[in-house]
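Down below are the structures I want you to see.
Here come two complexes built around subunit A, the first alongside subunit B, the second alongside subunit C.
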Partner chain A sequence: MSDLLQTALVSGLLGSSSVRIAALVGTAVALVSGVVGVHTVMRGQSFVGHSLSDIGATGGSGALFIGVNPLWGFLAMGAVAGGVLELMGLRRPRGRDVATGIVLGAELGLAALFLYWDASFRSTTGASISILFGSIFVINPAIVPVVIGFCAAAMATLLLLQRTLLLCSVSTDIASARGVPVRLVGVAHLMVMVLAVSLSALTIGAILSTALLIGPAAAALRVTRRPGLALIIAAGIGVAATWAGIALAYESYYWPPAGHGWPVSFFIVTLIFLFYLGADALSVLRGRRKARVRAPSLAAAERV
Partner chain B sequence: MTEPARDPGGEEILAVDGVGVWLSGREVLRDVSFTIRAGEFTGLIGPNGAGKTTILRVILGLQAPSSGRITIAGRTRGRRDGLVGYVPQKVLLEPDVPLRARDLVGLGLDGHRLGISLPSRRRRQAVDEMLAAVSAERFADQRVGDLSGGEQQRVLIAHALISRPRLLLLDEPLANLDVRSESATVALLHRIAGEQGVAVLISAHDMNPLLPVMDRIVYLARGRAASGTTDEVVRPEVLGDLYGQHVDVLHVHDRVLVVAGPASRSDVALEREDVVAPAEVDCEDVVGGRR
Partner chain C sequence: MFDSFMINTWLAATIVAATAGVVGFFAVLRGSAFAAHAVPQGAFAGAAGAALLGINPILGLGVFSLAGALGIGWLGRRARTDVATALGLVVMLGLGALFLSWSVEYAPEIFSLLFGEVLGVSSDEVLPIAGLGAVSLAAIVVLYRPLMLSSVVGEVGEARGVGRRRMEMCFLAVVALTTSMTVPVVGAFLMFSLMIAPAAAARCYTSRPGVAIGLSAGIAVVTIWVSIAASYESGWPVGFFVGALGAVSYAGGRGYAAWRRARRPAPAAA
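After this line comes the complex of A and B, so read on.
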């Protein structure tokens, strides 16, 4: 890691303004994705999260076609899709999968159309690549305050709803018996999820934003028993993978094929996957040790 | 129909008054009335589909009654915040939910509020006391999803009790428990009802595990209820009226079996007990009083 940092500094990584913007936006997005991801995984809505990011691609490509920043397209289409999903029965696990599948299919058809039009009539050949796989190094500086503002709002919402979200994950019956507006909390979570995947569509791309949403959260849930710690670890993994990914992508400019940097999304997603494998291995090791310690005491308890 | 309630002198905590519920064109409950006083241990007994969960949901405010009303500690409507603790029937927590037993109990204090909980000595003390009250100290720091059914049950009871409710509702807490956890749970609930002066209403399809501790019984069948002491309610006349057919009440050792009368034995199954032949009852009684 220190090698990496050194190379980074030597090669002027942080001297470049596009890299600074990438690091800033990447950090904010990774924080939000990590935190909302933990609740998404606990609520069993990983597939919904994945679909929202794919659906974002439709909005992004539509926005590009009419000439506005893709972020607005990601957000608008995500919010619409989230609303449709909620109405179609997101709250029932079975209804959730069917609703998600149907909406996802329909929307991706539109994405194909928009990207085709874009390529045919406007000849912006890089458009589909940047929508699907992100463009963290060419983020329009004008959009940065908007991104940061949205991230702050999403974070504030999550902190405000933290306890009620946990209680809803335990049992919606208990939660509503205690006066929690369960449906409203669910919609708020859904909208924060739309924000998170839309913002990460900007950085690592619409197709890959699931990785940032689900990966760090899944890894965190493997290694900790505490709710607060899970949020912190997930956010930390997301940020670490983003920073290291940016540094590696910058560095990869010198890798073969010379003169063509490797895509940053590839690094970020791969690093997240490695984090998950590491967390999984750690939890398996721990589980074995615990089983060995617990086995005798359990046997003793049985006899009482 | 309602038997006249005996007066144990405690404050009236729950009054269910003429409650009827229609769900998708079907009458699920008709004119259900009963009362529960502080410190009383009441069993809500009836076969599957009799409306036990529905009446609990009405009491909790999760289901609006079509007629009648509910009074909890003198309040008919509005905020019953903290008055009622609730342990639902099935809470299945995945092992990967990052929630220790103590976190879940802590959520009982403030899980319905906005914001995050900051650790404090008072909070920790309250959680520790509650964990001790349900004898859950041993697994306080384990993930709830890793605990056995009986252990999860105890943690959920602690979660429901930590806000010091006046009324504790439990929906089929004995279902899916092994015999030992079953009797441990009943003993625990009985002790807590006494210690904390909380009125306990517990639904079950089998009254037998509750017989030793029940102060009152509310028997539900076909959407109608009879309440009173076990001796007042578990009689052929009373239950026969509820079921709308002849039933026999058999006492086998310490167990009570409600059996459909001979005339209609083949066409109506009241409870699973009714198909148990006497010989089988005997031998199962030996292995622990369970079917």
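After this line comes the complex of A and C, so read on.
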């Protein structure tokens, strides 16, 4: 039996080295994104999280133009944009929306310029498509240790700051009353988010980066109100969707209509969305049951 | 620069910029910048799908932007608006990735859908653009009072029978309409820059809504004119100039507001 499993796995799905790398990097990125995502959703910074992936792509295309590894372009541009956003007033909910919009607009303009230069001097028009849609199956093996290392660092920062971050995410007022340096914690969260989003945008594409950051966290927060549990559920949903997506994409080589596989981004995004819809339905059902239990007791109270 | 083949470009760009400036004012006022980004970028999947089926891309854009806008509104019933927008966006982009993998479209054509191809507008494209622009502006005029009420003081609007959810749906539908007109010409990213930066800058100069709408449309039109001229001269993409000028005009607006505050330290209202 174990022999059979062995042959099936080694010769099939996990036999391919690109699938193994995809599973490894995908897991690391999904874990970090899920955990950062819970804080991002609680702080109402989804737009910032999404913008950072597009902004990272600008840095990636710039790095491609000057000929360095895109990883550094993603990280550098993300950090710069994060700093600018913080200075422009990311903390106030009213200013956040416009500030993010202006920075994103300017960065997309820069992306157009870099991609134009890339296309006219190096004839790599496909760069914009591969950066936006990315493919988890074509990760350069050389950057895998670096990516895993950054993911571990981000995870360690998150675990260290866990309680402080949660307090600030839930209520800035209580946090500052208790002497927490709220602005500093906000910057720390922003930088960890830059790290997570840049790494996932680089390895699996800008689309998946937003999906992994927001989707699992939003689903987890529909199911539970306990933040610690939400972190675990979000990371679990992210990893499960990534693995199932990779397996489905591998399977889809035999599916119509094309002779090549369906994109893995499509599967992972769809699975995450289904998880969210499921969590939403579950929370509605639970709310109804609770209302039904409460209703008779209310009626009883009125009678007395 | 003013040759006959450029006339269509100037016309289309002016219509697009004026509409984006007006619709963008409400996007900034309502704090819907994310939706203004998500609807055009997601609708791009519709163009990819239309290319796959061999039908007119404007139809695909229209269907997808409207479906996306209504989907975001539907998801937003129970979730926070920004989360709903992010989820709607990634689902549309996921579909876009699927359509792209099925089609045999060349990369430069997709690049132009994202970043625009404003220097290549043909004369039979100008009429639909003008029509859709007129419809978008008419929708804003019809919705003007309830939309303004609901955007500025939502609670008062609810009390007077202007549902917030209904207004959000209406506004997203207008954004979708504007999107399907502009994306083939200026691209999804440029559309977003034209909607947010001029409106945000205009709000720094005046707090009177009517003046701000006019100013926003004016800044947007000047931005696109200067950008086209600069792009024509340098050969660099229009999107770069629009993005840069947008940031500059917003920085100018913030500077003006700060200068006015410094000159009058204690305004009468405070």
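Here, the second predicted complex is superposed on the first by the 278 of 304 C-alpha atoms of A that agree within 3 Å, B and C clash if a C-alpha of one lies under 4 Å from a C-alpha of the other, contacts with A are read in each partner's own complex, and residues count from 1 in each chain.
Operating definition for what follows: contacts are C-beta pairs under 8 Å (C-beta built on N, C-alpha and C of every residue); 3 or more make two chains touch, one makes a residue touch a chain.
All of these numbers come straight from a predicted model, not from anything done at the bench.
Q: Tell me which partner A:211 touches in the superposition: subunit B (first), subunit C (second), both or neither.
A: Second partner only, subunit C.
Q: Report for A:270: first if it touches subunit B alone, second if subunit C alone, otherwise both or neither.
A: second
Q: In this superposed model, does subunit C or subunit B come into contact with more residues of subunit A?
A: C
Q: Please indicate which partner A:280 is in contact with in the superposed arrangement: first for subunit B, second for subunit C, both, or neither.
A: The second partner, subunit C, only.
Q: Which partner chains sit in contact with A:247 here, subunit B, subunit C, both or neither? Use first/second/both/neither.
A: It touches nothing on subunit B or subunit C.
Q: Considering only touches as defined above, state whether A:106 meets subunit B (first), subunit C (second), both or neither.
A: second
Q: If you stack the two complexes on chain A, which partner ends up touching A:50: first (subunit B), second (subunit C), both, or neither?
A: second
Q: Kindly list the residues of subunit A that each of subunit B and subunit C touches, one partner per complex.
A: Shared contact residues on subunit A: 41, 222.
Q: So in the complex, the part of subunit B that touches subunit A is made up of which residues?
A: 60-62, 79, 81, 84, 86, 88, 91, 93-94, 96-100, 103-104, 107, 110-117, 141-143, 159-160
Q: Give the list of subunit A residues in touch with subunit B in this complex.
A: That would be residues 38, 41-42, 159-164, 166-167, 169-171, 173-180, 220-222, 224-230 of subunit A.
Q: Which part of subunit A faces subunit C closely enough to touch in the complex?
A: 41, 44-47, 49-51, 94, 97-98, 100-113, 115-116, 119, 125-126, 128-129, 132-133, 205, 207-208, 210-211, 214-215, 218, 222, 257-258, 260-263, 265-266, 268-270, 272-273, 276, 280, 283-284
Q: Could you pull out which subunit C residues touch subunit A in their complex?
A: It comes out as residues 28, 31-34, 36-37, 78-80, 82-83, 85-87, 89-91, 93-98, 100-102, 107-108, 110-111, 114-115, 189-190, 192-193, 196-197, 200, 236-244, 246-247, 250.
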